[in-house]
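For reference, chains read A, B, C and D in written order, and residue numbers begin at 1 within each chain.
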Amino acid sequence: MQTFTQTMLPTLLAGISAGGQYALIALGYTMVYGILRLINFAHGDIFTVAGFVMFYAITVMPVYLAIPFTIFVTVLLGFTVERLAYKPLRSAPRMSVMISAIGVSYLLQNLMWYITGGQPQQYPVIPWISDKVVILGQETKRVTVITPILTVVLILILLLLIKRTKIGLAMRAASRDFETARLMGVKINGVISMTFVIGSFLAAVGSFLFFSNYSTVSPTVGTMPGLKAFVAAVFGGIGSIPGAVVGGFIIGICENIIRALGYSTFSDAFTFALLILVLCLKPTGLFGEKLEEKV
Amino acid sequence: MKKLFALLLALVMTLSLAACGGDSGSEVSDDGAKVIKIGIYEPSSGANGAGGKKEVLGIEYANSVTPTVTIGGEEYQVEVVPVDNQSENDKGVSAAQQLVSAGVAVVLGSYGSGVSMAAAPVFEEASIPAIGCSCTNPGVTLGNPYYFRVCYLDPFQGSVLANLAKDEFDAKVAYVFTELGDDYSEGLGEYFSQECGRLGIQVVADKNPAGNTDMSGFVNAAKNAGADVIFAPTSTTVASLLIDQAASAGIPLIAGDTWDDAVILQAASKSGADVYFSTFYDEGASQAAADFMSGFQSWLNANSDKLSNNGGTDTVSAVSALGYDAYMVAIEAIKAADSTDSATIKDALASVTYTGVTGDVKFDEEGDVDKNIIFIKGVDTDKGEFYSVKEQGLNG
Amino acid sequence: MMKTKNNSAKTLLMGLVVIAVLAVLSVGAEAIANSASSLSIMLAVLKKATVYALLAVSMNLLNGFTGLFSLGQAGFMLVGAYTYAILTIPAAKRAGVYQYYDGGVVKFSIPEVFSGVLGESIGPVVGMVLTLVICGLLAAFFGWLIGLPVLRLKSDYLAIATLGFAEIMRTFIQFEGFAPLTNGSNTLRQYTTFKHLYPYVIVVGICILILVLLINSTYGRAFKAIRDDEIAAEAMGINLAKHKMMSFVISSFFAGVGGGLMAMYMSSVQAKGFTSAMTYEILLMVVIGGIGSISGSIIASFLFIGCSEWWLRFLDDPANNIGGLSLLAPGFRMVVFSVFIMIVVLFFRRGLMGDKEFPDLFRRGKRQKKGAAGK
Amino acid sequence: MSENMLKIENVTMQFGGVVAVDNLNLEINKGEIVALIGPNGAGKTTAFNVVTGVYQPTNGRVSFLGKTIVRNHPQGKMKKIYKGEHPELYTGKYKLERLPGEGDEALAKRREAEKERDPNVFTSHVLAPTPDKITKLGMARTFQNIRLWKSQTVFDNVLIAKHCRTTSNVFSATFRMNRKEEAAQREEVARLLEIVELDDVKDELATSLPYGKQRRLEIARALAAEPKLLLLDEPAAGMNPQETDELTAFIGQIRDQFDLTVFLIEHHMDLVMDISDRIYVLDFGKLIAQGTPAEIQNNQRVIDAYLGVADDA
């Protein structure tokens, strides 16, 4: 037991915490994919922008204002990116939209370099969640414990939203069949915007948790977590909300176990190898739906 | 529409060609004074952008201190030409070529050994000498006759830091944490580990994959290995992630020269972390060093752009001091050569002696300087400032 | 009329003539560049753009002509670049390069071996070209290996799987265990390279000519059929697995050769430089030039490299600021550049050339004239 | 007795719980034109897809020119939820029953004959070739919703279909060592386009053609693959009566000219009744009638299926 709390527990805690963050980002990917069939490559950068906004906001306003302000700006950014870069390409081939997403990611990164000068910035300390707590004799930040709980709560709310509300119904309809949903009076553009708004909101929340834990914001810091969150989304079956969450936690925990075993060189490679393996065995992921092309 | 667009592009291309042809290495400035150009080959974006900017600041400050040089009895204006190598080897080659195009006589830089090595053949081809400021990898000067440098080398730095671990912390076990894929980090880790072997310190090594931001796993591993110190020769980005985690585990951190940076101060302040690192410069070491600090700080504070390039504080980074020294060495060499010809300046560099703010500079046949003492600094986490710990050398 | 006739022999001949002309031009360009030091940047840009032209065309073969959205280009380039560097470092310099690994496990250099056999003048050249072929073959082998599992995947899944593969390749190169071969995380340098521009032009020209011939052959037509409609292609007897693999392996081969040339251009290689950002850059070139246009890719790579590494550099210099606005600062160049790319992606969706080739621009005019005369 | 071209035996196609084709049995002899008709959603196209290898049937066997090309039996999860008939027939449990009064020698002979047609007849072997393999055996098809290669010219659309008959490999093709073959193929394509009267538009983009011509082009493309059996999926869909008449004549013409057997799905009854030698009728996946056009026209079940039966209950 002693060895467990000393060696395994911190690893598991770190894994669950990382998994929760991946899950929150992965939801943004999976929801957008569910409706637009688009890998939103810019999502990881939106997450990073949220980190920078918080960094700058805290210098001019108190925390209780800075948090909603950051969420607002991030959501606005997600909304704007969709309107400017994806909406004009609605009828274009999927590849064009994906390329546009890569372009947006490139632009956001370069903009952040330009504005911040490339200095890694110290993320502000958010009271309470950055406090230290002791769990089974291991000291850790409160955010580590909160992350999985908050993730699960947010996802339950999200599921309720999708299952019980009218906009949720519209989303489900749009993800099934774009054209039919439009014919049935669903305002497709509104639904898509809503998807981006929710995705960006979750990215902003994810950024609070992530940066409280890892404390430094730099323009490219979101790339890897973004990519891994995407892997999590694919792993769980892209388009599926529970899939994204399960995928996030599995990848977070696996990674940390591998690192604890001393194979940290291969922790990223493992994530991608796992992805390729899953895609080959079950191309639609763990919870994904099968789509057959009609002949 | 499309044709118009294509036409427009072609036009832009031609115009810019013409424009580039126009400004060919003019040797006379607007006010009629003769000009000699010194190229600054540094990253201002990419992974090392922040560090590169600080090195540039040191050079620019030196330029403001010594803006002219006398060659053949005539006064020449020294113009610095900065170029961004984006911390990437493939971008670095064309950036270096850009300097050659601009007609520079000497090149200073770069922060980051990889880009310096990538550019070495370009400078050699053009017979332009380059003076590295903080690139500590042996490969920079080894076999590159046109590359010199004013800092010490990684084998020496790594060994000294291992001695520090022994002397200060009486370390039995050291956890060596390097960045996967980064030659600076892994190289320094390697030399540290070798010396540890000689000193009887047990080494546990681990690597951080590029882009990973979760350090808790590594700190846990260090704790489980019973490490007395963590040796982490990493970039400042990784450093600030690591410091916080290491503080909560209560293990002292030792690092290389990259940690002499305001970012580390910010990260370590109030965290209670025990941070030590090697550096090139200590303001208390000599009068010249002290003067440099006060002069540089007032220069920074007079210009908000410069201050923001320094990360918004007036904390003096060692790389700025090295940049200053590299510039001064270049000026000495130009004086000694008494010529604007870069090949002549290269020959003069070999015999230049100069006492700089980071110590004495005299190049050996590889183009390296012989420095046998390294400054060790620590972080006073309560006051939020660096303090000098000691001057560390090798034991026996 | 043209289409029904078999004019392939003419294509081959024309291609060789064009390469010869370009090689002569590049010698001229080099002379101009050397005449004034201010133009030496032009040489670097031309070299790099030439290499990127091959990389973009090889990516276009997959993404543009076969409809396989692959993002593994950087991975194959990495294989090519490392293969080239490892095999061509002169034996005497190995100890310095592999400073932590006793000179590494490879103790010979192919150009040196050949100069021993064929003499100092042509031996190294033969050795270098041969090494480039080996780069391609090795990259093609890895392409085959990775293609086995991932080519069954559909568009975006394929993209992310190949992206992941490139990351895995990077990790393996950096792995300590292979360090005596790959030098781990450390830079490989001081290997033999082409000093002049024209060998780049000739090698890339020949590679692109082969790709053009392939695309206009019966196999190239089959690739396009797969791109346009997979199900119809399969129904008409085109073996999807075989042809996709073929396209993937051939593209990997040329990406490997391109990687080798890239290593030459950079004169030092390090695995950490071959990131997904590199793949994205090449993808953007393909898009700007027009997905499915070889000449588009070539033109775009020259424009792209020219803009990002040369013509827009003045945007980074605060000294060029006009008026009270201090917009120009380091990093501004890349912002302008990425805005420019977004404009192309959004408003010129078909890129510079669409799916047309350079000669088509003239041919279409002809046909219209003929049509008018007919009526 | 005429030579057997295609034989579908006990084919069932079940998607999840839905049985799209239910124990279909049909035969087509060489030189025949056979039509498969039925109301919308009867499973006609699914049957085509099974024959051409797009779908792997849940159960059953398809033979082409006397050789088995597709066979399967319910496996995995499908074993439990299978709703069709004869689940055991292709699992290796199949045995030859002795016919009344049949001697050992006759039985052995029959056994050999079965093995000749399907070497795996007594095993559970699964055969599921991809569509391209089946096309190479000598079958080519058109699609209900036209599937031409959109960015290609009319000429190239037909030329690409010739690709499956090339003997050159990728190297010899790239380096133009296959000139003779390529020239021959181009000549053949030009001839084909003349036959289908599309030679005047051969350099146009395929998608710029009017609908009727696109249909023709699809047939020409299928012919270029040198099939013995041509499968046409609603070739007259969307055509006016005049175009339909032309098509009817055209199908007859190419059958004779290329020595073809034709298997088609069609809703235009005029066309079907005009050119079919025999007709099969599907309803809800099940075969409900078969026979000559005259027989089918008078079959009460067929009329009911098309018009619907008054629900008395």
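The definition used in the following text is that a contact is a pair of C-beta atoms (placed from the backbone, for glycine too) under 8 Å apart; a residue touches a chain by one contact, two chains touch by 3 or more.
Just so you know, these numbers come straight off a predicted model, no measurement behind them.
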Topological distance between chain A and chain C, in contact steps: 1
Greatest separation from chain B - chain, by CA centre: D
Top chain pair, ranked by number of contacting C-beta pairs: B-C
Distance between chain centroids, defined by C-alpha means - chain B, chain D (Å): 72
Mean-CA-position distance for chain B and chain A (Å): 36
Distance from chain D to chain A - Cα centre to Cα centre, in angstrom: 48
Averaged-CA centre spacing for the pair chain D and chain C, given as whole angstrom: 44
Residues of chain A touching at least two other chains: 113, 117-118, 265, 268, 295
For chain D, residues that touch 2 or more chains besides their own: 54, 143
Touching two or more other chains - residues of chain C: 171, 174, 231, 330-331, 334
Sites on chain C touched by chain D in the complex: 3-6, 8-9, 12, 210, 213-214, 217-219, 221-222, 224-225, 227-229, 231-241, 246, 250, 292, 355, 367
Chain C partner contacts - residues on chain B that touch it in the complex: 2, 5-6, 9, 12-13, 16, 20-21, 23-25, 44-45, 49, 53, 82-84, 88-95, 97-98, 100-103, 113-114, 117-118, 120-122, 126, 137-139, 142-143, 180-183, 185-187, 190, 209-210, 305
Residues of chain A that touch chain B when the two form their complex: 6-7, 10-11, 14, 18, 113, 117-120, 122, 132, 139-141, 210, 213-216, 218, 220-221, 223-225, 255-256, 259-260, 262, 264-265, 267-268
Residue numbers on chain D that touch chain C, as the complex places them: 52, 54, 130-133, 135-136, 140-141, 143, 147-153, 155-156, 159-166, 168, 170, 173-176, 178-179, 182-183, 185-186, 190, 202-203, 221-222, 225
Residues of chain C touching chain A in the complex: 63, 69, 149-150, 152-157, 159-161, 163-165, 167-168, 171-172, 174-176, 231, 276, 280, 283-284, 287, 291, 329-332, 334-335, 337-339, 341-342, 345-346, 349
